[in-house]
Amino acid sequence: MRNLLDRVNQGSISIDDAMKALAVLPYEDIGFAKIDHHRTLRRGFPEVIFGLGKTPSQIGEIARQIAKEADQVLITRASPAAFRSVRNHLPQANYSNLARVITFDRRERRSFSPGVLVISAGTADLRVAEEAALTAEIFGCEVIRIPDVGVAGIHRLLDQLPTLRQANVLIVVAGMEGALPSVVGGLVDGVVIAVPTSIGYGANFQGLSALLGMLNSCVPGIAVVNIDNGFGAGYLAANINLKLANSR
Amino acid sequence: MRNLLDRVNQGSISIDDAMKALAVLPYEDIGFAKIDHHRTLRRGFPEVIFGLGKTPSQIGEIARQIAKEADQVLITRASPAAFRSVRNHLPQANYSNLARVITFDRRERRSFSPGVLVISAGTADLRVAEEAALTAEIFGCEVIRIPDVGVAGIHRLLDQLPTLRQANVLIVVAGMEGALPSVVGGLVDGVVIAVPTSIGYGANFQGLSALLGMLNSCVPGIAVVNIDNGFGAGYLAANINLKLANSR
Amino acid sequence: MRNLLDRVNQGSISIDDAMKALAVLPYEDIGFAKIDHHRTLRRGFPEVIFGLGKTPSQIGEIARQIAKEADQVLITRASPAAFRSVRNHLPQANYSNLARVITFDRRERRSFSPGVLVISAGTADLRVAEEAALTAEIFGCEVIRIPDVGVAGIHRLLDQLPTLRQANVLIVVAGMEGALPSVVGGLVDGVVIAVPTSIGYGANFQGLSALLGMLNSCVPGIAVVNIDNGFGAGYLAANINLKLANSR
Amino acid sequence: MRNLLDRVNQGSISIDDAMKALAVLPYEDIGFAKIDHHRTLRRGFPEVIFGLGKTPSQIGEIARQIAKEADQVLITRASPAAFRSVRNHLPQANYSNLARVITFDRRERRSFSPGVLVISAGTADLRVAEEAALTAEIFGCEVIRIPDVGVAGIHRLLDQLPTLRQANVLIVVAGMEGALPSVVGGLVDGVVIAVPTSIGYGANFQGLSALLGMLNSCVPGIAVVNIDNGFGAGYLAANINLKLANSR
Amino acid sequence: MRNLLDRVNQGSISIDDAMKALAVLPYEDIGFAKIDHHRTLRRGFPEVIFGLGKTPSQIGEIARQIAKEADQVLITRASPAAFRSVRNHLPQANYSNLARVITFDRRERRSFSPGVLVISAGTADLRVAEEAALTAEIFGCEVIRIPDVGVAGIHRLLDQLPTLRQANVLIVVAGMEGALPSVVGGLVDGVVIAVPTSIGYGANFQGLSALLGMLNSCVPGIAVVNIDNGFGAGYLAANINLKLANSR
Amino acid sequence: MRNLLDRVNQGSISIDDAMKALAVLPYEDIGFAKIDHHRTLRRGFPEVIFGLGKTPSQIGEIARQIAKEADQVLITRASPAAFRSVRNHLPQANYSNLARVITFDRRERRSFSPGVLVISAGTADLRVAEEAALTAEIFGCEVIRIPDVGVAGIHRLLDQLPTLRQANVLIVVAGMEGALPSVVGGLVDGVVIAVPTSIGYGANFQGLSALLGMLNSCVPGIAVVNIDNGFGAGYLAANINLKLANSR
Amino acid sequence: MRNLLDRVNQGSISIDDAMKALAVLPYEDIGFAKIDHHRTLRRGFPEVIFGLGKTPSQIGEIARQIAKEADQVLITRASPAAFRSVRNHLPQANYSNLARVITFDRRERRSFSPGVLVISAGTADLRVAEEAALTAEIFGCEVIRIPDVGVAGIHRLLDQLPTLRQANVLIVVAGMEGALPSVVGGLVDGVVIAVPTSIGYGANFQGLSALLGMLNSCVPGIAVVNIDNGFGAGYLAANINLKLANSR
Amino acid sequence: MRNLLDRVNQGSISIDDAMKALAVLPYEDIGFAKIDHHRTLRRGFPEVIFGLGKTPSQIGEIARQIAKEADQVLITRASPAAFRSVRNHLPQANYSNLARVITFDRRERRSFSPGVLVISAGTADLRVAEEAALTAEIFGCEVIRIPDVGVAGIHRLLDQLPTLRQANVLIVVAGMEGALPSVVGGLVDGVVIAVPTSIGYGANFQGLSALLGMLNSCVPGIAVVNIDNGFGAGYLAANINLKLANSR
């Protein structure tokens, strides 16, 4: 484009022809591609790899490519085999068996922003909760985990009230009837992100009961993400929490 | 049948022929019809009229017929017009605008069995809650009503804890995410009957979200009835509560 | 808290400061934790382990922990491997291959409360029926099992009428169209708990047909639990039956 | 076509050209249109008018047209206004308020074939049951109606056993859980046609519960038609029953 | 019961006491058990074994038991292993790999009733079609099979028109859009039984598309059975066809 | 932008600054807005108004605005009241009561491109069929309408075979089981666009049965649009047909 | 409680008895009720009235009660009649015909926090968008509205890019396929809240298509609320935006 | 038929008898079978084999049979084992591991018609996209593939605008929210064919979210095919594109 403008400046191309040329120029040449770089820079994070449906060697290769230009890589829904493939290229990579998440971070990070809480209802919800927590952490948040506080034993939740109330963002992970976000949402002022899980059987319908429960919460202003989408919740929580940290 | 046995006794019919005759006799002649009378007597209650889809005059006529032989009539899903029709025949009948229920009871009842509690989440759930309460009452139970205790304000529920814990049976009525029975069920030892209501909009899908939430409750042993089925819940509660009263 | 009250009594803390301190005290310190103990004591039963999604060694370890303080353990949805793991810690534990349930009970029980009946429709429904029966038994109920009485052969059901009518609580387990609870419910005065199973194929939709059938029963007052939830039905039945036994 | 064959016979068209011409001739010219007439003649019945979505005057006009060439007309889902319009043209037409069906039959029929039974569960199912009965009747069947025999009071059904067993075809109409066809099917050898109705509320989902129940019946060989499709059931019953009558 | 009547005849029991005793007698003693035998005798067929969810050895044992008193056994949804188990007991048993059906028939049958046709749309529908055909055959029907006539090539169907029109009962098996029964039903006067199959992918939803298509057929009087329920269709077809044969 | 380029040409802005300015310029200034004009010019058609949810006066006003710059206006899902409002502004506008479509075309069109056929199954499908036909017509296509050719009477369809085969694009409109597109698609080489309608009842589920049927057609390459979306089908058909006309 | 502590201090009650008394004290007495007041004070907002299912006079009365102690009232899903009833009590109340929202605010507010953007796709989505905007406004946010930017004309969206990028929170309201949040989410760094609307027809299924689309967005971290839940989105947006404002 | 006409010509059969004979002649004898050959000739393509549910040896045998008379064979949903079986008979056959498609083409093709574009959103959608591309290619189209252009990064799509606009037909393959066809459809004048894929998890419901999204597109005239139906989209695209090529 600079070349085109030079020619306009030199008069070697008419204004009309320049306008025609500009109309068909690839858009990234005039700013769009910068958007992406912009986002990467501002967020301190490149692309995330969704591991499902990719072979271990594909994942290893993509991770290697990304790590050339980025200090951090996050790979969700990754098998142990995928991790072995990634570690060949990136020996410092870590793997969470629980969350099936690979993280790689070569930065010597100085500080984490506190304010994110991940609450989960049952032990079977821990996989999704940990995916959320690891995602928020690699994005630069300090995460407090509160596992195993179902609505059936409400006092366990009430015991944590002071901690709950200090959080900026609360990721609440629950399967079955998905009632926990409503109860939590009624107790705190922080932003509540509800993550339904597919934990359950029968009329659970692979998480539908929890999803519908959360969408229909009688507590106003609860943010819902897809079933089992711990990554999405962690990303959203980090986005909000880091904005708060940056605005201070 | 007595006639048949007389003939056997008199030898005017052979044993073989008598056995053949018995095999094709209408079953009620040998006890079945008694079952019904038996049930009516034991429960102190005749048939219930489901008002939906019947004309006011039909309802009036059916009520009149039943009241000939019974001291009590319960008509659910009844319009004001149906009530006017019933009152023509049964001037002592009462009507609940809220529950759309007609009750008629000419007995001078001596006592009601305490032990039934009806808790409802939102004001819009009151219709169903009242249908449940009136049903349990006409069956002979003393009913305590606790309205407006949604999970969003859990402390309103906790304030009622001593009352909740004294009940034998707790009917918990909730729409939207239907989380209230789980929370209540975690706090009490009484029998919890969950009634989903069609209150809500959007992904509520006419009560599906509440129904699925209740069926998937993480609290064990919750009894669920159909969406908006206050009558069924009241009937079940009365059945349990009266058994408890009678066994004392 | 005792310490706090001591200081109030000694005047070493002002009333105002004591009230502030009480307001932020963990709730279990002022009674909540007792709730749990209360329940355990009254019901004679600690926590139940839901085996699905836990590894055999996890289940073994949890069972071991619970058995330290409790005389009974119930583990549902448990694999044979889970049983082997539990048996290492608790040699007296038993396993039902049919119900996939592990039970452990070191108490020398004196008596069981009669009154619970488990009726199932097809041979394939037996798994769920047995889970319900074993649950009710470990909670202290005497359970009569009546298998294989589908609605297609109504006379097999009618033959059992006297037995059906003596039960306080009838757990009716059926897949496919789920019609059995309606038929049973029309014949008895006891409390009917309907358990839909996922048995069937095609338009059964993993138990949806049976679930909807039971929720829409034309017999009033039937309690429905989740698809395949034999445990929930057994728990509910025991809750009702033991209340009846205790009130005598 | 006759003209074409004449020309072949006369040799005024070559065999090759005749074959080409035949290949593009409209199919009805070589027998297809006869199919329709054939059907009308054999079944003694012309087209049926589905009244839903047609204006009264449209229905009146279509009925008039059909009645020119046919002795019988059947109009389903017809409003009283539609009936008034039809009666202007066909004064002998009859209307069933219950079934919303208009029938017109100018034949002096000599005989009806017995063998069709229409059983319905609740009073609200009568509309659909009557549509089925009237359809079978206008097709030439003698129809016995047995209303109000739900599964909740199984003895009412058993009382009718001899009648049930004499029928060739039993149309069983039920809403809610749709269990009646299973119970009836277990008692008789006749052909059972199950008609789910949209009667119910909540988890009935406009007849889905009854439809799924009937499709999943544990009794083999039950024929199911669409929700509220009394006409289809009557047509199917008449088809079978008349075949039986004709084969005698 | 004979004993009771003897005592009535001898006067050793009063009429009143005899009536009381009759009222509680197991129903099968006064005719119900005969119903079953009646059905077996009339239909010439005992129970059918639904193989799904039973172990090979269970199936072998049940088959052996039934074959003691019956000349014929039909086992559907049976694996090759189940067949090997059955053959140990009943060496003359046959197995259809395609339909996964075991048949055993030790009768030297003289004649089969013609009149049943099984039409299937795609090669993948053949499993269900063959289950239907084998069922109708072991019930005593002669079955004509017409495979591979989908609606996409309507002329293949039209070529078979004379054959189609001679059948009393046409079982039409189709997956995907399930349109074949409508097309067949528009061409014949015989009874059409539509069997949706789970063949397809995507928006087929395991046979839902075919099922809904058949229930909504614009051709009146089509009988629908459950998805993949070849057995039910064969049973229904045989029931109708044999009634026709017997009425001649 | 021309102004910016002028300044570049005159040297009154540096190249660097010009590039910055270009990066944030609204995109339509550099070609995007032309896209829209381009489309309008090429297709000879401006925006279409979707009438549902707009008041008559809103529709009248929008139509007036569009007609200022366009020769044609198409308004779908329009009530008679909306038409009266439009006619105040555009007296030449036309209204189809059947299709509920308002058309306005002030051009003296010279020619229509033949090649579009609209086939509909039942009389109740005519509304949607006519919406499709009118849409294709105002886009410049000549449309042949073939109503009332359901799959139940396949010969009516076969009679039209030569006409069917001459069409470039066939819009096939059907409710209930939605089988017509499959049958038509098996007979022609033209492009088949399937439009499911919400016509039907019961297990039709507001057009779901027809939609699923069409998506699962065994005939390859059928294009499906939304339920009742006659406009979309007409638009798609016109797009294909005019491309064919223009390429000649 | 103060009274209790006084008695402890005076020694007129033993420590043991005091502990027992505390265990059964209503929880609000020790802090819980403060939670609510706390929330009201912190958020500067009392309860919101959900108007659906309440009569105009009920709404008027509730509003009057709330306004006694609060400076602001928000009533959603309110009819014009409800507004007339509210205005009788609160003459300064305002009504949005579009959003069906009543607002009352007697505070002379000094400042609004900028940062909330409400983007809507079609004109029919404006109702929901306006409900969201008015909610965020009464909570103290400054709201920019960008209507009518569907994905079909992506350049209209791109034209607004600078505005989109300055927002802290973007509420994106869309019906039909619900694709707009994905496109917006790919362009901005702000928090995206997606609101599906029930706008559409056919396979839209009352907003299901938009809801599923938004839950499955390929853009990570999008917050979803219930169908048509403009209020919830506005509440969530305000919660985030005000936290950002307060942290500055 | 020729023989029949010969006899008519010779007068050895009467005109009446000839007409009768013609009426029952198999239809293919008078033209129908030609239809098929006609289609094959015109399209240059015989039958396609749907590999799912067929054994490798079956597929090999069918392919061998077809290849006797056809120059091209297309086998979709084929496993590597199926390919090995086909290669035994047809050594020149090719296999796409990605698309699981076997192609065989012994023709020395001269030319391909340009104009088909296959755009896919995510890497996981590539399987379906490649099935579409290979289908269109073997039908004689030149196909441009544009992978990995999701709506989350809209600029990647905009960069390809000139290429997008040159295509006659654009196959747009997307899972998750399925928004890509709407965005593409807003930018081009070509025919857009939308292929939803089952890629996703949770509330994706095996492709339902993408399917509903595409059916509800706000861009008019988008053609939708079944979930994962790359073949159908390729077939439809080729049908349109070749018509355009042939009309030139």
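Labels A, B, C, D, E, F, G and H are assigned to the chains in the order they are written; within every chain, residues are numbered from 1.
As a working rule, a contact is a pair of C-beta atoms (placed from the backbone, for glycine too) under 8 Å apart; a residue touches a chain by one contact, two chains touch by 3 or more.
As the structure is a prediction and not an experimental result, all values here were calculated from the model.
Among the remaining chains, C is positioned farthest from chain F, on the basis of C-alpha centroids.
For chain H, the chain whose average C-alpha position is most distant is B. When the CA atoms of chain E are superposed on those of chain H, the rotation angle is 90 degrees to the nearest 5. If you average the CA atoms of chain G and of chain H, the two centres end up 49 Å from each other.
Taking each chain's centre as the mean of its C-alpha atoms, chain D lies 40 Å from chain H. Between chain D and chain E the centroid-to-centroid distance comes to 24 Å (mean Cα coordinates, whole Å). The set of chain A residues that touch two or more partner chains comprises 24, 27, 35, 153, 158, 187, 202-204, 208, 211, 215-216, 226-227. By the definition given earlier, chain contacts exist for A-B, A-C, A-F, A-G, A-H, B-C, B-D, B-E, B-G, C-D, C-E, C-G, D-E, D-F, D-H, E-F, E-H, F-G, F-H, G-H. On chain A, the positions that touch chain F within their shared complex are 1-2, 5-6, 8-9, 11, 15, 18-19, 22-25, 27, 30-31, 34. Against chain D, the residues of chain E that register as touching in their complex are 35, 39, 42-43, 48, 168, 187, 189, 191, 193, 211, 215-216, 220-227, 231-232, 235-236, 238-240, 243-244, 247-248. The touching residues of chain A, counted against chain H in their complex, run 24, 26-28, 32-33, 35-36, 52-54, 196, 198, 206-208, 211, 226-229. Residues of chain E touching chain H in their complex: 123-124, 153, 155, 158-159, 162, 199, 201-204. Listed in rising order, the residues of chain C touching chain D in the complex are 121-122, 150-154, 158, 176-179, 182-183, 185-187, 200, 202-205, 208-219.
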